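Each of the two complexes below includes chain A, the first together with chain B, the second together with chain C.
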Partner chain A sequence: MTDPTTAPSGTERPDEGPNPGVAQISHGDVRELRGPLLVMGDVDDVGWDEFATVDFAGRERHGLVLEVDHDLVTLQVLEGTDAMAPGGVRVRFAGRPLRIPVGSGWLGRVCNGRGEPLDGGPPVTGDTTLPVSGWPLNPVYREPPQEPVLTGISVIDALTTLVRGQKLPIFSVPGLPHLTLATQIAAQATSGGTTFRVVFAAMGLTHADIAFVRDRLEERSAAGELVLLINAADDPVIERILTPRIALTIAENLAYTEGHDVLVIMSDMTSYAEAVREVSAARREIPARRGYPGYLYSDLASLYERCGRVRGQQGSVTIVPVLTMPAGDITHPVPDLTGYITEGQIVLSPEVAARGIYPPVDALSSLSRLMRSGAGAGRTREDHLDVAAQVLAALAHARQSAELAELVGAAALSETDRSYIAYRGLLEQGLLNQGHDDRRSLEDTLDRAWSALAALPRRELTMLSTEFLDRYLPSEPEAT
Partner chain B sequence: MTGLPSGSDSSLAPLRDSMHAAARATAAEILDSAHTQAQALVDAAQLKAATILAAATADGEAAAQSESRMRSARVRRQAHEAVLTTRNALRLQLQGQVRESALALRTDERYPTLLDRLTERSRMLLGPDTTVTESPDGGVIAEAGSRRVDFSLPTLAAGTLDRMAPEVDGLWSR
Partner chain C sequence: MVAVGKPRTGAIVRVSGPLMEVDGVPDVSMLEVLAVGPQRISAETVAIAGNRATLQAYEYTGGVKVGDTVEATGSQLTGLLGPGLLGAVFDGLMRPLSSAPLWLTQDRTTSTDDPATMERIWTFVPSVAVGDQVSPGDVLGTVPGAGSVEHRALVPPGIFGTLTWLTSEMEVHALDPIARVGTQEVLLSERWPVRAARPFRDRTAGVVPLHTGQRVLDLMYPLARGAAAAVPGGFGTGKTMMLQQIAKWSDADVIVYVGCGERGNEMADVLDGLSQLVDERTGGKLIDRTVIIANTSNMPMMAREASIYTGICVAEYYRDMGYDVVVIADSTSRWAEALREFANRNGDLPAEEGYPANLASELAAFYERAGRVTTLGGQTASVTVIGAVSPPGGDMTEPVTTDTQRFVRCLWLLDRDLAYSRHYPAVSWTGSFTRDEEALGRWHTANGDPGWAPRRARAAALLAEADRLGDLAEIIGANSLPGHERMVLLGGRLLRDGVLMQNALSPNDGFCSAEKGAALLDLVLDVVDTCQQLVERGVSATTIEQADHGPVLRAREETGPADAAGVASRRADVVRKLEELS
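Our next item is the complex of A and B:
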């Protein structure tokens, strides 16, 4: 057992070199090529999850060991096995799991899903290497998430505040601007007074989307605050299994060794899960729901649980995964299992988008379970939590009033119900709707919430103390 | 049919006048109301037009700013990529020089000793039944069954350079 007192972070270990000589031997006994899998024979002294280099026809591909059975080894080839023929393939096993160099050399770089440069530069180097699968973090050394990460996006900052060390997914459906939102978060997010870094892992994105993300994040990249890992839609699918792991390994080092607050955005995790499904199908595993493997939960947890804060260390890793729910089905295995692991969700809704609101967040379905640790007096503003509760309660009432108005007509509603409908309009246009480049301060965001609340009779604002009402409530509702 | 009795005209005159007056008053009211409604419609339309114009101006300004930022971002990226590409070209140049230097070892007087040591190392890794042949690029290639060890000079040079990557990187980044 590891002495917990000597390894508080659980993320740093001495750089373990491979078994000398092992990496120099290449094996040529290919028994089978099956989808992304390569089965080798006459191999010994190879371990599970070991990294391998596959040479064929003067080209180099990469693989990970999935199974070892006597002298048979099954590899998943990250770039796929297209164009490979059993005769000309040679495999070199590294004698250890895949490790990547870590450090600030990644900042400002744009790499593919395996961490190889796409920006024309040399490969990223570092004095230390770490295994991409990460080290299990001693639970005793975990610190609860605390302090906000401010995104400059009103609906998130005000109503579902992101907290340092939290994992908060964005649930969306195809066609909604989830990538625009994720990119805006990546471009704008900060945490008070500390150095902030962003690792953006893009999986299965089209080239148009990639161009958009690169343009929007250029400012942050030029400032040396961003690492961009890109697996395009036409890149090898299996690479996607590695992309979030590389992103998190880079992030852990930046956070726990270099002391930065790091935000990791992973978009789109449904594409990642599809890669897991593809490998599982090739291995002929028994499929569980919708063909995904039964271990999808633990696989996703092995990624999401790498966020957090560690006792005695300055930095933090905050994760925002983006998921598209096929056919908007929130019970689909990927959002369903993600929901079990993460601490809340930001839900995007086609109905909200249809009303011309960006970001189209369904505020009543969204929740940040750790908001209390990141908002309120001493963290954001004294009235923040109460205002958020009042805004949501009033929004729920407004939704009921609107439904009633559809039945009986707006003219038949009471004065109070009409004020709730007016409040919803003000809230949507004043607070929830925002420009793609618009970065709002928290003060501005909360003031906008108060302006919308001013449309309601004061007697309806039961969640706010008289002191707060006197201090913050505008005397006249502001037209927006 | 008989007409009204004589004298009824003058008797009905007040009624007629009153009805005329009432009709005129109603018409005036309707006209006023129509004017008011028309004015309200015009005011509302003007307000809406002003709002649309303001929103369109704001959208246009935002789009122009966004486009300007995008262009500036692309130019910055091109500049950054030019620096990175130059670094990579230097790295590849170094790689080529190291390979050339490694190949030149074939004419070094210590080369036979190097071959002996590489052969010995190959047999240590693959076993005594290993077939060892000299590589055309210098160094040796050893094979035992499906296993092979590539100790050719370019491969050894490339491997060494890879292991020294952080040190090499320092040549232009520190």
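Our next item is the complex of A and C:
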């Protein structure tokens, strides 16, 4: 009884079916407009979380039902309530929560945060529709993630290996090249041999950033391997609540029905959380920390937990959320709650950036919790886990040596400490620093790690077996 | 319970996420479970005012409308307790997940009467005879093949008298009668409201350690059977890892692992790990002594609240059979957040950080269900509770952490700095405590290890002194300290790296027997003594510091999990090599 003996029967999701026509009845009794909220009166037969279309001044906006109370219905309007006046509003309810069409029709497309085309093409269609909120995956059907996703970026592949079905966020601060990194991952990532697809959900990005992302991902998009959803900084804020859900619904279908390995990149989750906070404030909910609602943890989990591998099935959903930590504060609710949900974190740091390193990953505070099952013999290379542990331990030592050097001067250091400082230089330039379009093979990456380690006396390499040392350690430190 | 008859129904008047209000259900009672709407979503009554009841929903409420019919079920949230729990996975409402579909949609039935459970066939082996006088807790018989402990079918609470009938069937199902006491039938499985504590005779006074297999806990902050412990720590400090290690290696009879609002991949990992590991004591698999309650963070939030009680209820069921049970809850903070979420939606006045004012009493009530007791059947058994706490921002002054500290016997505080420097388990020796050290010291003395308490006291003193000197060394430089103080610094390092650190992923080091733990600590303390003598004899501190301490530091990895002799045998060699320095 410990695990299901049969694989899940088929891949169909519950209650798939054609989209019913948009309901005809329209309601016009507006009771209140407040922030993104619209309260309608004299409504019946509307369910909680139902989707609605709001007609105002000849244009459509969209809403989700947040509360039904007798004949009152509270909606959050995705495009906001700006300019709306109680007089001319008409609301049509869809009769059920929001669903979107799914399938490979999304691949190669560029759409806005609600999934409407931005690329001049027709609206995306599909044979099936699925509710955007998804359903929780029965944990007994989960397969523990254990194969790597290779990004071609040395610091990630070597030290914080991303694993198929993992959720691994990038923590950054405003001004650092997290978007460049996220885009590079989106452009380069692959998983050994299987079909790989990317869903990139951009939230709250400036137009300059959007141009950069579109340009950089052009190739993968043209190859029909990528879906791009874009909510710009000047697009409606509340729409961001929907964007990741659409991205994940597309991704789950591509993974579990079409059998692809799907990587979902969501940037910037801080912008997403701000939209959640705005709705919460408009509802006058009691905040937990820094104005964010107490349910932010569960809300974020309902997104991040949509990653995974399913027993007996091909595909996988891997999630890389990107978020900026306000004032670089890792205890801020968004990074903090994210860290509680995700399986590790990749931390970017201004200090590393200041040393001229791209990507500016602070390797010592970064961690991929699933790396131990996704790297090593049979996954990447036999020496991978030990080499990564040794690189990090030596880096920690090198940091102390460097601090000591600042206190007492480099001349007063022991020879060992000096070798650690040399090691750090080699590591930073040989392994950690990398070009924006540079894609390195795993062999290359691990060999670079060994080259840096060669700067240390062999007796210092206590985490590596003699066997590995003999096999991989270059005899002379290589200059870079 | 209300007599069966006309269905008692009402109509939904308000829905706000998991909170619903319903009008007009006749005679609805607190905690009664109701079925809502055409999907028959489970919900529980949490407040009644006039003819209006407030419900908390255990499923996603999308699509529930004003006017939807609500039907009272007449019962509270119950678990079906019987053979077949061990090795299985349930959700927070105790519905088997093993037979649930891939995607957990709304329309799952309210009942726990899962066909796979109902159809399963068991053999009942009576151990009483018709005509015997029986009372609650007496063993009626056993059910072979139901996990790694003997499954005992007991006389349920409240049933006394003469045994008038025993089943003669070779094959029985969960809800088949197995015996009759007077006129009352006893079924193979029993329904029990999960929020109600199961009765026992009394709490027992004796203090007996629970061996966790984690050195820092067993040597420094030991836990008694039937006590409660909390593990607070920011994300990535190793809470889950520690709890999983305890689930694997502690010397309890039964483990109930409650994944409360945490990761799905972790549940898969627990299931996978325990299914592969062999239970040394029974030869079976560790999963066969484990019940998993999985309510991951993306499953409905209010079921998270119930899952904690479901876990305790299952634990008490096995306790009543006479077993030592450990309940592991990861994480109690997610449970508290569910309480907060509901209280806020219900408009309750918040106390600190939005938490309801009754947070402390709710936590106390939960941890108080731990205990070592004499069961109704007269056996000594226990429920030990270990809960993870996830303080927001790692802030140990937040309400759940501070309240929890008041109600537990042990606090295993995980320190972010230790975790970042990869010192695992990152149990802080400044912030952790155990309240049972003296009583446990007496137990060890009475059970063959009188050295336990003095050893622990020396280790604690060494750690504190090494910390103090370490701070000083940072200011004036270690080389300016006198030799004997530098030996304290060295000793502190050997103690931390050679004894307290423990690699959960290592086959040799993941589990540590009590004897090996004691041997490792003795080894380090002996080395420290030797080093101090050398300094006294004029050997330079630098020489001693630069000696090869590898054999001490690697002893935990290079000897088997229970190889105390292997550790002890290093002592002579290590000490001799040190003596050669003079």
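Quick note on the criterion: the second predicted complex is superposed on the first by the 459 of 480 C-alpha atoms of A that agree within 3 Å, B and C clash if a C-alpha of one lies under 4 Å from a C-alpha of the other, contacts with A are read in each partner's own complex, and residues count from 1 in each chain.
Definition applied: a residue touches a chain if its C-beta (ideal position, glycine included) is under 8 Å from a C-beta of that chain, and two chains touch if they have at least 3 such contacts.
Treat the numbers as computed from the prediction; the structure is a model and nothing was measured.
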item: Partners on chain A (chain B, chain C) - clash or fit; value: fit
item: First, second, both or neither for A:P117, with chain B first and chain C second; value: first
item: Contact breadth on chain A, by residue count: chain C or chain B; value: C
item: Chain B, chain C and vertex chain A (Cα centres) - angle in steps of 10°; value: 170
item: First (chain B), second (chain C), both or neither touched by A:S365; value: second
item: Which of chain B and chain C A:G344 touches, first, second, both or neither; value: second
item: Contacts of A:G435 with chain B and chain C, given as first, second, both or neither; value: first
item: First, second, both or neither for A:A281, with chain B first and chain C second; value: neither
item: Partner chain in contact with A:E218 - chain B first, chain C second, else both or neither; value: first
item: Partner chain(s) touched by A:D29 [first = chain B, second = chain C, both, neither]; value: first
item: Chain B versus chain C as contact partner of A:P101, first or second or both or neither; value: first
item: Chain B versus chain C as contact partner of A:T125, first or second or both or neither; value: first
item: After fitting on chain A: smallest Cα gap, chain B-chain C, Å; value: 17
item: Contact residues common to both interfaces of chain A (with chain B and with chain C); value: none
item: Chain C-facing residues of chain A, complex; value: 1-4, 8, 13-15, 44-50, 66-71, 96-97, 131, 133, 135-145, 165-166, 285-289, 294-295, 297-298, 301-302, 305-306, 308, 310, 331-333, 336-337, 339-341, 343-345, 364-365, 367, 369-370, 372, 392-393, 396
item: Residues on chain C engaged by chain A in the complex (per definition of touch); value: 13-17, 60-67, 84, 87-89, 96-105, 234-236, 259, 261, 263-265, 267-269, 271-272, 275, 287, 294, 296-301, 334, 337, 340-341, 344, 350, 353-354, 390, 392-395, 420-422, 505
item: Residues of chain B that touch chain A when the two form their complex; value: 62, 65-66, 69-70, 73-74, 76-77, 80-81, 83-85, 87-88, 91, 121, 124-126, 145-151, 159, 165-166, 168-169, 173
item: Contacting residues of chain A [partner chain B, same complex]; value: 21, 24-29, 41-42, 90, 101, 105, 108, 117, 119-123, 125-127, 214-216, 218-219, 221-222, 435-437
